[in-house]
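Two complexes are shown next, each including chain A; its partner changes from chain B in the first to chain C in the second.
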Partner chain A sequence: MAETHMYKITALSEALSPLTHNSGSEGNETLINREPIVTDRGLQYVPVLSGNAIRHRFIRATGAEDLIARYNLSGKLTLDQLHFLFNGGSLTRGSATENIARITTFWRLFPLGRVLGGCLPDLIVPGSLLSWRGTMICRENSSRLRRMLPEGWMPEGRLLSCHELASRYQYTRMDAARSRGDLLADQQEVGDSGQMIYSGEAVPAGTMFVHGWVLRHAMPRDLGALLLALANWQAAGGTIGGMSSRGHGRLLTMIAIDPDVDQAETIEAYTSHADGVQDEAIAWLGKELGQPSTAKSKKGIKKEEADGATS
Partner chain B sequence: MTTTPEPLATLTCEEFRRRLAGLVVDDDITTLDADVLAEQRNMAMQIGLLLARHYNRDMLDRMKIWQRLESALRVGVSQAQGDAAAMLSTMLEHVKAEASRVSGDPHFQALLTRLCKLSNHQLEGLRRYIGQTIYAVIVFTRQAWEQETSRRNGPTLLDDLDAGKGGDE
Partner chain C sequence: MGRPLKVTAIMAAPLVGEPPHLDAILEYVRAAKAESIERDDPSGRHSGLVAWRERLAPNAPRHSGYFGILSRSLEPPPLGILPIAIEREQVGSWPIAKCSSPIYLPHYEYVEHTAKRISVGEVAVHIDQQSGRQSIHHGTGGTKAYFRPLHCLVVERIVWFCVGYGGKTGRRPDGSIKRRSSQGELMRMLRLIDSIGAERQAGYGRVAEWVVDPWDDDWSWFAPSPNGRGRMLMRPLPSSAVPDDVVGARPTYASVCPPYWHPKRHVEAMVPC
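The block that comes next holds the complex of A and B.
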């Protein structure tokens, strides 16, 4: 059996645009995600990036996109395969089983699956990744950060408070009937204005978060799968949270890996492995999660029949 | 065939500390937050009192003084970032203060000197405080103003504030 290691990746993410990683809303106002933490001044509510969002946006979604492009699976996936690749799948059969052989086959064919784990219809497959939450670099978190980071990393001095690191945004959803009502065939159709102002809290650009991952009992190719997903995420704009379509949520991320590795080499180890097992991996997806049906669905056939009857 | 993007940039201790430089406060504030807040409230109230004194009652409606002060504070903190003198000037302009009266006002000179000594971080804190507590600032100002107008014959509240006595809080 190949030798495995534990890799600890510490990341620093700087917001390049306002972050709106939200946890809810009050009316038209969105509220950013905060967590209560105990400080020397009592309980404080500090903005945080959830480990769930980091895990999904940084790794699983971009890793799945890469596999689909690599194996030319676009337009060829079943719904179960799609859910499995992008969301980890779900246990849908009544009785779950334990099957070490199936698990190790999955791990071998999908290093990203070994990293993240997943859920086949009748089998839960564990992953080896521990994802940290994004800890905001602010005064309230400074003592925690000192304990999280290697000795000597945290600078001396007083950090800005998270309450100073807060901003807002406001947008207007325009009403086309008001601005270009002259284009309507029937001017009388224009009713009450549909214009709406919506606003909320945001974490301002320039704010930074410390986060990271611990990859346990992993092979270099597993680390490579993780690093490739991170590189693809960054290359695609590196966003987290909502409203990325309006320029929010862009991050610039740097990482320190312990033990130090050559990122390009581990990524190469992963890509060459993934390319080498391509046929086997595609066959495994079909076997475990169903083959795409080539027959037309009943609904599609009925629609075609109906179309034929009316033509 | 997919292309492999550049790996993420490598983080080192030096790079980490360099990037955090902007988040470390560059002044020597060592007071507790409660003290900082009390100081900000005091300065905000002094600004409000100054505006009330220089509110041009000939040009503007006397009945709308507090409404006008609220918009003066709002405009001042939103338009003049990082410059105390510009912030005060914007506010005074909004209440149509007369330059001749302002130039001879020792309280204005004292307040301007005090605000100009603030570090960028302290001024930003004051700006944020006023912006976020504008109605409270108006209430404090109005209380102080009524107190001042009831003491017309003796030393005014602004005299007390200039002398560091802090009013009747």
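The block that comes next holds the complex of A and C.
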């Protein structure tokens, strides 16, 4: 009989570019996400990476991309299937049930689903992953870090304050009508509009964060699903937060797993399992979340007809 | 005679929701070891959990514990069969653990938000183009986006008072059963608990360190009142178990054994107030 274990993965991430993991704005300036913590000097607001963002960006989104590529599902999914894979789905039927056989079937077919859990239209499926928040390595967090970090991970010497580790960014956006007005058919549209300035707070490159995951009641192939997603996330640039399209939010992440495991072996256990259940898994997606519709909606047909008429 | 102890969780992240009862945490940890506990239990006093799980989830992996099978609509686990290194006292049909409710003082309360919104880019790339779908609704239906507020508490530490006993777990190479102090046994179990409260999957309620200290008096069910008049109630108890001199209690319908949220655990009770 299979056996489950608890795995604790501690991660140390260094920002390779400014981080703009934001939470709200003040005027037209974005503010970085902060949490209040109790320190010797009273309550302090310290930048933090939310566990929700880490969970989605590091694991769920990259894991879903891998499954779609592995099963060659791109261009074949329904909206419900996509929503389930990328966002965990949502409960949409009133009569929610507790069907353990359905849950265990899902867990067997989708080790990534056993890690993250999700929501079928009429059933909530629990997941086994606890994702920690990203704790900034700074003076304000030093007492917490001493308790949280594995032995030998605590940086030596004086840590900088989070207030010293705050920086800013500013960009401008030109109005095309002004910069390349010569391309306009109607030269009268070249107006007085100018550039738009947008700016905000950022955490500078070089800042370090400690975060991690706890995987409870997990089999080695579940850990493999998580590690593969993590490796794919890092290979794709490893970003978190906003403005990654402008190069923000790149992280370099190192991990330590307790108990120590052969990472390549667990990833192999996952990929061979996923390949082995491919047909069953695709059939399950169709059964639980709908087959792709071949019939076109009235709107779609009308649009296609209209496109055909104009071409 | 048990040994009074004070258990402290030093927190590393904001707490969402209520912290749990200590016996509920310990039963959760112990449930994952149900197979080993039954193997080392010739008396059969601690047996029954594996059979309960097998009834609900046949062929579940070993050491799955309560994972995926604790639900309001399903049969709850058998009462008080797991050894949790804390003494229990029988009140009517309820084996009630000798441990207090969690005690904590929030330094600060605030609201954080969690957001969810399906990515239109991913939909455009991966969706079946023949399905005829033209738009996605972010305001209604299954793909409704949300910006959900979470009520967060900044809590430095949470304390429980309990009465522990030495466990009988593990075997020496010669086959004899090891005995640990209740303090050591509790520490061993609590180290496996990484976070408590709600929204743990997103990093809330993370515990930086567990500390178990000896305590002079048994404050698990009742503690001296600060003004010296009567005793204070320290945890939910069936009404019949609460003496008349107890202060700081109110009658309600509540659970007295874990899982505390299960409807089948509710009874006429007095709870601290």
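The rule is short, and it goes like this: the second predicted complex is superposed on the first by the 295 of 311 C-alpha atoms of A that agree within 3 Å, B and C clash if a C-alpha of one lies under 4 Å from a C-alpha of the other, contacts with A are read in each partner's own complex, and residues count from 1 in each chain.
What we mean here is this: a residue touches a chain if its C-beta (ideal position, glycine included) is under 8 Å from a C-beta of that chain, and two chains touch if they have at least 3 such contacts.
Please read these numbers as outputs of a predicted model, since none were measured by experiment.
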Chain B and chain C placed together on chain A: clash or fit? fit
Q.
For A:242, using the defined touch cut-off, is the partner it touches chain B, chain C, both, or neither? Pick first, second, both or neither.
A. neither
Chosen between chain B and chain C, the partner touching more chain A residues is C
(Q) After the superposition on A, what does A:121 contact: first (chain B), second (chain C), both or neither? (A) second
Notebook entry, point to check: Regarding the shared-chain residue A:204, is it in contact with chain B (first), chain C (second), both, or neither?
Noted result: neither
Value for angle(chain B, chain A, chain C) over C-alpha centres, in degrees, nearest 10, is 100
Could you look at A:254 and tell me whether it touches chain B, chain C, both or neither (first, second, both, neither)? first
First (chain B), second (chain C), both or neither: which does A:4 touch?
second
* Does the superposition put A:216 against chain B (first), chain C (second), both, or neither? -> second
Mind working out whether A:263 is in touch with chain B, chain C, both or neither, as first, second, both or neither?
first
Min C-alpha distance chain B to chain C after superposition on A, in Å, is 16
Contacts of chain A common to chain B and chain C in the A-superposed view none
Note: in the complex, chain A contacts chain C through residues 1-6, 8, 23, 35-38, 43, 50-52, 54-55, 61, 68, 73-80, 82-83, 86-90, 92, 98, 100, 103-104, 107, 117, 121, 125-133, 135, 144, 147-148, 211, 214, 216-217, 219, 292-297, 299-301, 303
Per the touch rule, the chain B residues reaching chain A in their complex are 2, 4-13, 15-17, 19-26, 29, 33, 121, 124-125, 128
Residue positions on chain A within touch of chain B in the complex are 10-12, 14, 41, 66, 69-70, 137-138, 149-150, 152-161, 164-165, 206-208, 227-228, 230-232, 234-235, 253-256, 263-264, 267-268, 271
Per the touch rule, the chain C residues reaching chain A in their complex are 10, 12-14, 32, 56-57, 59-65, 67-69, 71, 73-74, 107-108, 110, 112-116, 118-119, 122-123, 125-134, 136, 141-144, 154, 156, 192, 194-195, 200-204, 206, 208-209
